[in-house]
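Each chain carries a letter (A, B, C and D) given by its place in the written order, and its residues are counted from 1.
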Amino acid sequence: MLEELKERVLKANQYLVEYGLVTLTWGNVSGIDRKSELVVIKPSGVDYNLMKAADMVVVSLDGKIVEGKLRPSSDLPTHIELYKAFKEIGGITHSHSENATSFAQACAEIPCFGTTHADHFNGPVPVTRVLTEAEVNENYELNTGKVIIERFKELDYLGIPGVLVAGHAPFTWGKDPEDSVKNNLVLERVAKMALNSLMLNPQLSKLPEYILNKHYKRKHGPDAYYGQRKK
Amino acid sequence: MLEELKERVLKANQYLVEYGLVTLTWGNVSGIDRKSELVVIKPSGVDYNLMKAADMVVVSLDGKIVEGKLRPSSDLPTHIELYKAFKEIGGITHSHSENATSFAQACAEIPCFGTTHADHFNGPVPVTRVLTEAEVNENYELNTGKVIIERFKELDYLGIPGVLVAGHAPFTWGKDPEDSVKNNLVLERVAKMALNSLMLNPQLSKLPEYILNKHYKRKHGPDAYYGQRKK
Amino acid sequence: MLEELKERVLKANQYLVEYGLVTLTWGNVSGIDRKSELVVIKPSGVDYNLMKAADMVVVSLDGKIVEGKLRPSSDLPTHIELYKAFKEIGGITHSHSENATSFAQACAEIPCFGTTHADHFNGPVPVTRVLTEAEVNENYELNTGKVIIERFKELDYLGIPGVLVAGHAPFTWGKDPEDSVKNNLVLERVAKMALNSLMLNPQLSKLPEYILNKHYKRKHGPDAYYGQRKK
Amino acid sequence: MLEELKERVLKANQYLVEYGLVTLTWGNVSGIDRKSELVVIKPSGVDYNLMKAADMVVVSLDGKIVEGKLRPSSDLPTHIELYKAFKEIGGITHSHSENATSFAQACAEIPCFGTTHADHFNGPVPVTRVLTEAEVNENYELNTGKVIIERFKELDYLGIPGVLVAGHAPFTWGKDPEDSVKNNLVLERVAKMALNSLMLNPQLSKLPEYILNKHYKRKHGPDAYYGQRKK
């Protein structure tokens, strides 16, 4: 079932390696079929180079395995919470990429310092609060999803397709699995350049709002004029 | 038309990937045929590995598409302004390379700290002012070209073949498309080493003028003695 | 003798190169056969690409060469001390990987700032004291082992499978040679991200204990639920 | 003539690329045949991938071209001065490698912070003084050699096989061309780790002398016990 989605989720997981976003097995991508409400996700702790499409695990939104012989990624409950709250996304990527994770560890959001950031994230990349001891001890991965959703109560998850979980690492999402991996890559590059810029000037102010808006709208929304016309 | 220039512009765009200067599709190279006053430029948002010479877009200096089925790079108006103002250049490269962009984001010029810099840029690499809201809202890309030209009013664009657009990223140019990409690569390396040197000594003073001049003239101008004699 | 272990030790040494943990010949991996109490180790100063399994040196726990035509790694006495003190380990890796070594040179332990760290090291990665002049002049490599063991008097070497030797570089260990190399890679990544996080916030506090414990236990111990069930 | 040395010099220049020490054509390696007092050096500004052994230029110690159709590297006079002053070296490498050059630009020597450094450089890697205007304007490259030699008046060039030229970049040497490239690579790695260590602790003190001496002697001199016995 969902063979095409499995292929796409496999491919998106392999992009994690190609883009240099993962070490060992520290990352996972999932995709959702909104019609059947089924999620396809990477199996836990399996080598990216040995995985086949058939190893992808199909789960329902209540976390039950519908198809697959392997255990799903241990971060599955986080993915599910996000799919339930963010109705228009089709893919989610979690990685421990070097620079985005460095910001997450520092519990610091990534300010928008330039147009590279503005082209993809319509504002600073937010950081969640640290989970409480109770939230960690019981249903940790599900609660990780909940603090992300809490952080986005006043934010537009389509305009800002990613977050830093405090003390942990980034989650990004997108219209499909490939898109969520690309946003993970963008976040990593943006984090690295923000770190460098802060080293040049620790008091650096953020990009003026009017430039942020202009760049975001060049690429997104009804008046976008970047790229080729979609057929 | 201009088949040879299309091949060279394609190749120069592929160098962006080979030199590690781009992520996804964040960069573009163009070339100009000064006789016909036609510009050849990369199409917008197309994968570097899938592009063919025939995908390059030919445009006139008033921005009209003369040949090509795809939309030109959205930065085309910036390229055109530069070709009109800097009469002796034959190629332009725009990238979001990591370290040069970090300086651009910090709105900081790159001082000349060493001979690697002096070999290619005859002075600090300048940074433009931030565009005003009006300049951003109307004809943004054209105005990006204008602030670059404004910044070079007192500078020699042949001696300093590149600039940092504040809050954005670098543009470099050269006698042809390949040359403009090489200057982009040099700028990236020079930016990285300047960042490192500033971390070792935030109060670092610039290279004495007499060494800057010596190195620049070793490689450029009538008394150059670096490299092989041109035939 | 021990042909299979030789193959594994060879392979683990080659992972050092594949993972980018070594320059020239600056690293070595060994493995132990606990039944025969024999250690298999890389020969000293030999190119990783030219080594064959037959070049691995077999030594007893009193340091005598049992089989092999080449000299063992000069760090052999350190490995032996560790095998004698840490009874449950099966492999040891020593490298001069860039970021872990930078912490070792700064005589600074690596605090646990995030879950990437917590997934593999159940607490800060400790740094040894600097060896005394007497310890350096006589039996230097053996004494290197002794200060590591001294540092672990109150620590659990299974929970924290690595150490920074002050002014020198990291040693890591694991249940077998491959596992010790993986821990070396993890330490390198964790060190890089800790360095970045400290640059973002030099006063950064460590991850709360309850998150550290949760992540460590997700991957290790009787209630681990990361990865696939072992057969 | 000197066909074997040409092959070795070619190969050593190609190592510059393989080791990631050069961008474009920013580096050169030479070797000397002490019997005939002839130097073999890379031609100036030629692509490393297109060079052949026959392109290497043979020059005498008074700087005359003895064989070769191409211009020698513009740094030739520096190489010659070093060969004349440092009688026991057989190869010289000049690069603009990222981290060593960053120290050179900061006019900062590289303190010995760890055993990676001590294994190869028997003390801090020194930095020359800045050349005077007169020294730059007349015989610049020859004077670059002279300030290096001046800096080593009280230093042992065999124990410390490299230097940073202030505001410029590193020169390293060795018993043959390959050895000089390896020392360039070591210097680059050591520079990077020193920079990192200084970021962790700007007041970091250097490695105790007794550890420096121990490590240097483990690898060099009559009592060396690192590596395999020479035949």
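Please note the rule applied: contacts are C-beta pairs under 8 Å (C-beta built on N, C-alpha and C of every residue); 3 or more make two chains touch, one makes a residue touch a chain.
Remember, it's a predicted structure, so these values are computed and weren't measured experimentally.
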Chain-touch separation of chain A and chain C, in steps, is 1
Copy pair chain C, chain D: interface residue numbering same or different (half cut):
different
Give me the C-alpha superposition rotation for chain A onto chain D, in degrees, nearest 5.
180
For the pair chain A and chain D, the C-alpha centroid-to-centroid distance in angstrom is 46
Chain-centre distance (mean CA atoms) for chain B and chain D, in whole Å, is 32
Return the residues of chain A touching two or more other chains; collapse runs of consecutive numbers into ranges.
199
Are the chains arranged, by touching, as a line, ring, star, complete graph, or other?
ring
Which residues, counting only chain A, touch chain B once they are in their complex?
113-116, 119, 182, 185-186, 189, 192-194, 196-197, 199-201, 204, 207-208, 210-211, 214, 218, 225-229
In the complex, go through chain C and note every residue touching chain D.
23-26, 43-46, 70-71, 74, 96, 98-99, 101-106, 108, 130-131, 133, 136-137, 140, 167-169, 195, 198-199
